Each structure stands twice: as structure tokens, then as C-alpha cells.
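Chain IDs A, B, C and D follow the sequence of writing; residue 1 opens each chain.
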Amino acid sequence: MRKRIKRGDKEKGYTRSIVQRSGQNVYACYQCGRCSAGCPFAFEMDILPNQIVRLVQLGQEDELVQSKAIYLCASCFTCVSRCPKGIDIARIAEAVRETADPKGADHFGPDDIPAHRAKDLPQQAYVAVFRKFSK
Amino acid sequence: MFEPKIMSFICKWCTYAGADLAGTSRMEYAVNPVNVRVMCSSRIDPQHIFYAFSSGADGVFIGGCHPGDCHYVEGNYKTLRRVFMVKRMMKDFGIDPSRLRLEWISAAEGGRFVTVMNEFTQYIRELGPLDFKTMASIDEDSIHG
Amino acid sequence: MNQNRPKKKIGVFVCHCGINIAGVVDVEKVAQRLSSYEGVDFSVDYVYMCSEPGQKLIEEKIKERQLDSVIIAACSPTLHERTFQGVAQRAGLNPYQVEIANIREQDSWVHSDKDKATAKAARIIKSMVEKVRRNESLEPITVDITRRALVIGGGISGIQAALDIADQGYEVLLVEKDPSIGGHMVQLSETFPTLDCSQCILTPKMVEASRHPNIKILTYHEVDSISGFVGNFKAVIRKKPRYVNEDLCTLCGECEKVCPQVVSDEFNEGLSFRKAIYMPFPQAVPGTYTLDTDSCLGLLPIRCGKCMEVCEPMAINYDDQEELFEEEVGAVVVATGYDLYSLDHLGEFGGQKYPDVVNGLEFERILSASGPTGGVVRRPSDGRIPKNIVFVQCCGSRDPENHNPYCSKICCMYTAKHAMLYKHRVPDGNATVFYIDVRTGGKNFDEFYQRTIEDEEVMYVRGKVSKIFKEGDKLIVWGADTLTGDKVEMEADMVVLAMSMVPAQGAADLFKRLKISTDINGFLAEAHPKLRPVESLSSGFFLAGCAHGPKDIPETVSQASAAASKVGDLFAKEKLFHEPTVVSAEEEFCSGCGICVPVCPYSARSLNRERGVVEVNEVLCEGCGACAAACPSGAAQQRNQTDDQIFSMVKAILGE
Amino acid sequence: MNVHYYPGCTLKEKAVNLENSTIASMKILGCDLQEPRGWTCCGAEYPLSEEKIAGLAAPARILRQVEAEGGTKVTTTCAFCYNVLKRTNYALKTDPLKHKRINAFLKDDIAIDHDTKEKTTGFPPYHGNVSVVHLLEFLRDDIGFKEIRARVKRDLSGLNVAAYYGCRLLRPYNEIGMDKPDDPVIFEDFITSLGAQVIDFPFRQECCGSYVSVSRPEAASEASYRILRSAKIEGADVLVLSCPLCYYNLDRQQNLIKEQHMEFTGFPILYFTQLLAWALGENTGSLGLEEHCYNPAPLLESLEKAEVAE
């Protein structure tokens, strides 16, 4: 299917909201792909980190909030430390997660952890994963 | 209606040429500003600005090349810094700092020269005359040294 | 103020310019009003001042009324200032006693209210009367020229500039810090897009330079400092001890055979070894051995002394000394070239850790028939022929966040060339290029790049590489293919990094010593990016080659020739003439505070600490006046644009 | 010597063995670790959104407590806590607006004593006078690697160590600034000061999977596997790390890795203070090594035997 790219108020508004939340100049990205090249979870991602930035530039909210990739980011900042244009992609991913499912359902909540694992997991992992992936 | 007197210092390489272009393009603008051509906007000494105010100017305009385009490499940056300083001094003297305006206008920006001149004249017109009576008269000799 | 008002007889000539001025400005009224203005002796209007009769009118009136100065109220000074200065000169007046009042472009053409435009014209003319009243009669500043050029750097740009200047009939000193001229170009294998052998086209030029009667080559020398000004520089040059007399050395090579010290070879980028006494490469100019004391066991015959023992022509002299000497030159061409950005900055590519991750110059040596592998592509670690090779572009370039913000310009082409030459030598190998953009602006460049992809089947992957690391004897390259949206992990036997080009090592220090300005990246700054691209801001300094920014060979050669022709321009003049409207430093007012010294972008002002005053080199002053505005005591005054002149112009404009 | 020490929640609960070795070795080095009174969780993750500034309150509260107790330096051994505290401190020091807003949050704090039920209010603001250092930095700058070298009691020369940084110690560089993100040396220098051999392995700054091991354990263990595999290929005997979550992912999840990769047979992991304590003379019994999924005790003991045999 051919995709039509539109730059309407909705799209521009979405880009603006991500820029505001993340504090990042998403337009600085020139799509070199270095973020994706170094990302430890790129193998598992449906869209790559550089594509996330591209979709933010285009204001493609639906594709972004439905992606699995934003819930694979471990905030390891490899992309941030190598980006030639100084863009904090982890912040962009965080901003996109914030805009996903505004009704407030958790992407990953306490009920999603099987009982046998709950005992062993370190506290910091709980706190971190809920902070990142739930409301 | 109040017609302000406006003193305009403009650099030879950019803004003066921009003003010439406005002329060759026959654009019309406010008659109030009169230009003095200097080699570079950085030639403008704070003394010149204050002398203009004390001699009856209601507004002073300085025109230079855009950052990076200065014929003398970095004169316009020096001007920028001096204008910041002069504006602070103006405050201390009780002169509204917005009576001094610095703009970068290139040789190709005749239209912009016109817009800036009209805007600035209108702005000063609305601001009203610079009331110098409350200030001690400046002894000319002390300025010339 | 009154005491500064000299008594001058001033004439005012108001031009109608047909109806261009007279249609809006009441010129007769203006002329009449001015005739009673203080100092104005005579005032008249005429239909076309620039016409033959108009010029005649001015000339006659100057003579008739013995005018000291004239004002021409007409069009913009950019149009006819020179014309009217010529008229005045013909009438025996100094051209600096002519001023133009611009009442056309900045009055009649931009206003329609006749009364107001007329009043404004009078103000403009009055301000110019106030100015010209205080104008001095000036003569252009003249200086003699030393017709001898100094070229710093013996790479292709320096060699070309030296040859071109020498061919114009002027003497040239060519100073090179290394033992031979040739620069980086002599290290290259073949050149894009024609695949000429680099050495084959360069070495004849090197020989030509060495035989040219007007060129004196000083290799293993460095420029220590340069003082003086355009046409009259004094250069202090440092001779590094070579310990071998180049005139006596017969290149027999006996010394090299006995030398026990083996060190890594710079010419081969550390991929092979040389002795402590060595010749950098067989075609070196001058053809002589050089003893490198950093690697030598010691210059005492007791320590070693083997080379001296076997040298039959007795060319080796352990007592050779460093020397400083002075040379007079009139112009300087700076052609110090480039180096590659160090791999140390790229920890994610292993820094210098992996021998099989090489930079572009190392790969040039590997490809070169005169290189350490005889032109067979072998990887440095174990000498195996790499079957999978990866090229990474933009290493350290276009990376404002961590490295260099600029594009190094030639890497796209040389990477295509590397990939092509690799495929010529290893037809069954796989070559992959990681790129962000491929920039092939140049004659026949894109055709060459297309051939690399279509004929040689080099795989281009659009994406930057994030990490390179070793796994066993393979290298793993982590990249991305942003066109397909895949993360790419690739096994490679060897990786070639297109490292960013940076100013040559030591250049930053040299530029500081020469007091010539650089851009934010340390490359030399040109006087104007469009109109004066081969001149430095400092008068008498010219730029050539990569010292000014990344360039390919043809561009470097063009710039070197352009610089040489600029030097020729300078030397062809009998004397140097310079605009005299410079800024003075009146000693009676100068307190020696030195504030004006750093304000000057041309280093025209210097503080004489002994005398406690600032001195001005008028030849260097371009007359911007920034120092005059900075001077707290009024000691810095611009000729014919003094503070007093500006004040009185302001007064004339604002006064009733 | 006395220094403020923020342990964080994991070390107090799920990884007590890691903290014990810290306390033991610092004691040998003559340094008392002082916990800020009433400390809470740091939040584990630094808030990346400009809209979630409230996440800075918890770490700022910890820093304020240290400052109120007269401390100018707080050290931590958990890379997560280190990252959060250091970045919060950086944000408060460089962004006056954030500083003001967070202090406004903290102004209304009420503390209730567990035993006396007494309420405390009117806390002072945080002025920003505390510096956050990782224990590795403290060992380097305050104790000195030379001093440690002098106090080492055991010969570790036969031990090949892979020093693993992970993400939180190094990145983002402009806020953390502990070492160059792709060319760090501090961990290697520390290992060298203990007398062990450092082996260079390219995955030392790669991410272990972090908290993704909670939501997508199989994805995270793939990341962990690649790190362990690389250390093994490069000839390491043991991997030493500095973060309790890395310890969880790289050691305690090894059974999951084994399920996914048949050839993986397990690999010993040590917390950096475990190796330190052992080098300084503590016995394997006191290090809690039996808690590990892959017990490294036999490896350490085999070194001792080799020494004796010589």
C-alpha cells in the first residue's frame, strides 16, 4: 500500500508536543542511523530508533504509539552518546511513550509479572520498569 | 503630529549600500532619518550616540552587516557588544534604551532598510520627544576633551 | 569646537540629475540656502554635474575662486566619487578635499514631499560641508617591496605555488619540515577519478622544483616566526640538524645497512619499518639520507657510530647543529596541508587497538605498488588477503556533537576509489561501504562512483557505523541500513575508516606564531569567502591547499596557482599603495593602555612597552575605525573621519 | 575517614551479599560509611521527560539530607542510584528553574519518626553543595589506587578479569562525565591495582538488558548472553561489575540464557567490592558467593591453591 505523508495541523502538533516533552530538536536528525547501529535491542524492534525520530519529524502519531520498539528501550544511552547531532533519542522515546494510550492503561503493570519471578527480581528493576512502561 | 529627529549611522559596505538600493528601487520611506556614512559600524563610539541625543535626536539608528558578513571580519560583533553597553548607560541617564536601535541590513536588503526606517520612525513618533529638559545640559567641551 | 574649525573656502555644486533630483528637491533653493552657510564660498546648481560641461564648471570654479574643498551634491558616492575626485585633481585639488552628498538615492528617490526632501537635502549637504571643512589633504601611503616569496609546506600545493611564482621570474624559498618534499600526495596510490599513479605525476614536479634556478628548497627546516608587513617580511627559519651533508651523500645506502636501530616508517604510515638513518622514499627530493636522532642510539661514536664508519664520501657529521637564520621576503604562501584525525578519538571503533582497522592513508600505502605489501591488499595483522572489507565514511566528520562539524569533502571519492582498487586486486572479495550521503560534485566524479557500484559491485549501505570490535580474528561491524530499516551486523577481515581531515600537526602553533587567523576548526581563514578566497586577512599572506580546508588535488593545484598569481600581482607593482584614511595613535593623548591592540583584526597596532604608547603600522591598517571607537582617550583618530568630524556632522544634521 | 554512602534499595534487600562486601572492604581501608538518615528510594530511573519533573524530588531529598548532615560528598555502589543522583544534582546545579521548583516541592516535607511518632517540618532547601561519586571514583580519588595496591593481601596475578561498565556509569557523558563513554579506564585501573590481569573485551560498555528483563526477559537475556560470550571469547576467567541489576541480569538470569543457548554453560560474576574484599584478605565465606547462580568461590579458591602449590 502506498502511504501518503501529510503535514497537517495534527501532524505538526504531534511533532511539537514531542519536541516540548523531550526538549530535543528532532529536526537536527539527518538519518545517519548510528543510533540504530549501536542499539542493543534493535534486533527486537519493529521500527528502528532512527525511524522513530523520522516518524516524529513527520508527526506520525499512530505508527509511533502502536510500535513495540518504544517499549524495548532500556535507556542505556548508547544512541545518545554516539549521536553526531547530539540528539537524546532516549528522551524522544520517553516522550512518545507518554503520548501513547492517554486513557491511562499500563503497557506493563504489576499484574504482568509472574509470581515465581516476583520474588527474585531486584527492587530497582521493578521501580524502573513501572516508571518507564506504566502510567 | 510630532515628527521625531532620527540620526542614522550606517556602514559603508552593507547598510549604506542597502539604503542606496532602496533608492534605485524607488521605495518610499519616512523622511526623518538622516544618514552618516562610516566605514564600519564598529567606528561608532558611545560618545557619538550620546552626542546625537544631547543634540536633539529622538532616536539613533545603527546599521551594520549581518553577523559573519562584516567587511572587517568582526566589527559588527564589536558594535553589538557596545550597543548592549550603551543601552545600559542610557537607562542610567534616564533615556529609554529603545530609542537606540541596531539592525543588520545587507546591501541586498533595500526593502528591509525601508521597513526598518518606517518602523523605527513610527516607534519613536509614538514614544514622543526625548525630554532633555530634566537632564543637566551637557557641556560640549567636556565631550570634545 | 570653534577652534577646530579651519577657515576653508568651500564650493557646493548641486546636481539636478535631470529631474531625478530636481523633480523632488528644489535644487535652486538648496544651492541658495547653502551659499550663506558658514565657510561656503560659492554654491551653484546645474543640470548634470557628471556631464562634460558640468565637470568643466566645477574645474573652472575651483580655479577661479581658489576653492580649498568641494561638495558635490548628487548621486551615491559609489557611482561618481572617483569621477569628481579626478575633476578636482585636474583643477589642482587634493582628491581628499572632495566629498559627495548623496541627495538622490537617499533623498529624492525615496521621498515625495518636496518641502521635506528639500530640507533633508540641505541637512545632508551641510553635514558634508562640516566634514570636508576638517578633511586633510592626504597622499597614498607607499612602501617598497622585497620581490622574493616564502612558501611554507612542500606538498603538492607548496610545490605548485613555488613553481608558478618562480616561473614569473621571482625568487622562492620553499620550506618543508620533513626530510623530503612531496607531502601526502606522494604517499597516495592512484588518484580519482582517472586512476593516475600519484607518484608518477608528482615526482617530475618535485624534480622540476629542485632544479628550478629561482627555487631554493629548504627541507628539514621550519619557519619559526615572521615579523614585518606586506612586501617587507623578515622570516626566522630553523634548520633542523640532518647530520648528513646532502651535497656529499651519494645514496650508496651503506649507512642504512649497518644501522642497528629499526623504527616504524612514517612514509608507510607505520605499516613497515625503517632504520634510524634513512631516506623516506626512493624518489625523495633532495636525494639524501637523514639521521633521525630520536631513534638513533646516540651520536657518540662510542655508543654506535657504525654509519659514520661506513660512509665513504664522509657525508655524515655528528656535530651538525640546529641553526636559526633570517630571510627577507615580500609575500608568504601558507601551504601546510592536513593530517588525518586520530583514531584515538574513536573508542567505539577500538581506537588504535585493532591493527586491521586502518585509516585512508594507511590503505593508500597498502594499495600502492611502492607500499609495504607491493600493492597486494594484505591486512596488517597477519598478512592475509581480506575477503570481506568494510569502508566507513564520515569518521569524525559531520559530527558536530563529538568530533568535527564539517564535511571532509574528498572521502566520498577516495572511498569509492579504495573500493574499486580493492576489487581490482581482490576480484572475489566483498567490499561494503557505509555512508550517510555520497557527495560527488566534481568533473567525472559521479560517473566514477556509479562505476564503483555498477561495474565493481561494491555494496553501499546507507547508515553510519556505531561500533567495531574484534571477535576471534574477525572484526564485527555494527551498522544500520536506514533504507531497509534493518540493523546490520557484518563480519569483516579489514575495515578502512575515512577519517576526517584536520589541519596538519603543529599548524595551529605555526599560525599563531605567524599571527594569521583561522576559522573555528583551525583551518586558515580567507579574507573573503567569495571574492578573496586565496588571501589571508593579514596582508601579504596567501593560502593554498588543505591548510585552508579539505580539498582534492585539482582544487589544491588551482588554489596554489591562484595564490602564486596573487603573489605575482603584488610583486609586479613598483611600490605598494595603501589607502591613507588610517587610524592614528596621537602620542600626546595615548596612555599606552593597549585597549585598541586586540580590537584590530589586522594586527596593525602594537604596544611599545618601553615608550608606553601604541604604534601603528599604517600599511596594515584597513581603516575600519573600530580602534578609534575603543580608544578611551581619543588618541586613536581616523584620518578624515575624526570624532570631531562625526560630532559636527551630527550637529549639522540635527541642528535647526 | 568518613563518607556519606547511599546504598539504595536493592543492596538492602535482594543483594545484601553485595553490600556486605562493600562495608567489609571499606572498613579494612579505614573508611566508615555513613548512611543519610531516613533515606528513600532514588527512583531508579532519571525522569527523561520535561513534564515529569516531580521525579527529581526523591533524589533531591536524599542530597538535601546529606547536605543537612554536613556532607559534601555522597558515594554509592549501585550504578542506577549513581546515575539518578548525579544527573539530578547536575540538573539542579545547571537549571535554576528546576532548582527552584524542586526546592518548592521539598519545602512542604514532613518527616514522622517511626518510634516516637514525632513530626518534623521546616526542612532547609537543597543548596547544591553535594557531589555525587561512585565508589570507584572514591577509591581512586580519596583512598587512592596506590594505597589499595599496598593493602592487597592476596595474589591475583593469575586472574583474568573482564571489567564490565554497562550503561549507567558512563552515559550520558555530559551529565555523568566519569570517564570517556567509549574508552573508559577507571574500572581497568581499579582491577590492575588489585593485581589482577585486565582483559580487554568489546562489550564492556554494552547494555545488559536493564529493566527490560522484567517485561521482556528473553530479549534482555539475549543482550546479557552477548556480553558473557564476548568476555569468554576474549579469555576472561571472571566478569566484574558494579551494578546490582547487571548482577541480576548477568548472573541470576543465567538459567534463562542456558535455555536459549545450548552451548552456554555458565560464567562467574563478581561484584567489584567482592573482588576488592577478597583481595584485601576477606574469606570467600563472608562474601555471600553462594547466593550467586554461578558460584565463583571455587574459582577464587583455586587461585589460592595455585599459590600454595607454588
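Note that in this section a residue touches a chain if its C-beta (ideal position, glycine included) is under 8 Å from a C-beta of that chain, and two chains touch if they have at least 3 such contacts.
Note that this is a predicted model, so its numbers are computed, not measured.
Visitor: Name whichever of B-C and A-C has more C-beta pairs touching across its two chains.
Guide: Counting C-beta pairs in contact, B-C comes out ahead.
Visitor: Computing the C-alpha centre of each chain, which chain sits at the greatest distance from chain D?
Guide: Farthest chain from chain D, going by C-alpha centroids: B.
Visitor: Per the centroid of Cα atoms for each chain, what is the distance between chain B and chain D, given in Å?
Guide: 61
Visitor: Report the inter-centroid distance (CA atoms only) between chain A and chain C in whole Å.
Guide: So the centroids are 47 Å from each other.
Visitor: Rounded to the nearest whole Å, what is the centre-to-centre distance of chain B and chain C, using the mean of the C-alpha atoms as each centre?
Guide: Taking the mean C-alpha position of each chain, the two centres sit 35 Å apart.
Visitor: Cα centroid separation between chain A and chain B, in whole Å?
Guide: Centre-to-centre distance between chain A and chain B: 51 Å.
Visitor: By the touch rule stated above, which residues of chain D touch at least two different other chains?
Guide: Those would be 181-182.
Visitor: So which bits of chain B are touching at least two other chains?
Guide: There are none in chain B.
Visitor: Which chain C residues touch at least two other chains?
Guide: Residues 348, 467 of chain C each touch two or more of the other chains.
Visitor: Would you please name all pairs of chains that touch?
Guide: Between chains, contact exists in these pairs: A-C, A-D, B-C, C-D.
Visitor: Can you list the residues on chain D that touch chain C in the complex?
Guide: 180-183, 200, 202-203, 230, 233
Visitor: Considering the complex alone, what residue numbers of chain C touch chain B?
Guide: Residue list for chain C touching chain B: 1, 4, 76-78, 102, 104-106, 109-113, 116-117, 120, 123-124, 127, 517, 537, 581, 599, 601, 622-626, 628-630, 633-634, 638, 641, 643-644, 646-647, 649-651, 653-655.
Visitor: Tell me, which parts of chain C touch chain D in their complex?
Guide: Contact set of chain C toward chain D: 346-348, 350-351, 353, 467, 469-472, 476.
Visitor: Show me the residue ranges of chain D that touch chain A in the complex, using the header's touch definition.
Guide: 8-10, 13-15, 41, 43-45, 47-52, 55, 78, 80-81, 166-168, 170-173, 181-182, 205-207, 209-217, 219-220, 222-223, 244-245, 248, 252
Visitor: Quick one: which bits of chain A touch chain D in the complex? Just the residue numbers, please.
Guide: Contact set of chain A toward chain D: 20-23, 40-41, 43-44, 71-72, 74-78, 80-82, 88, 90-91, 94-95, 98, 108, 112-113, 117, 120-129, 131-133.
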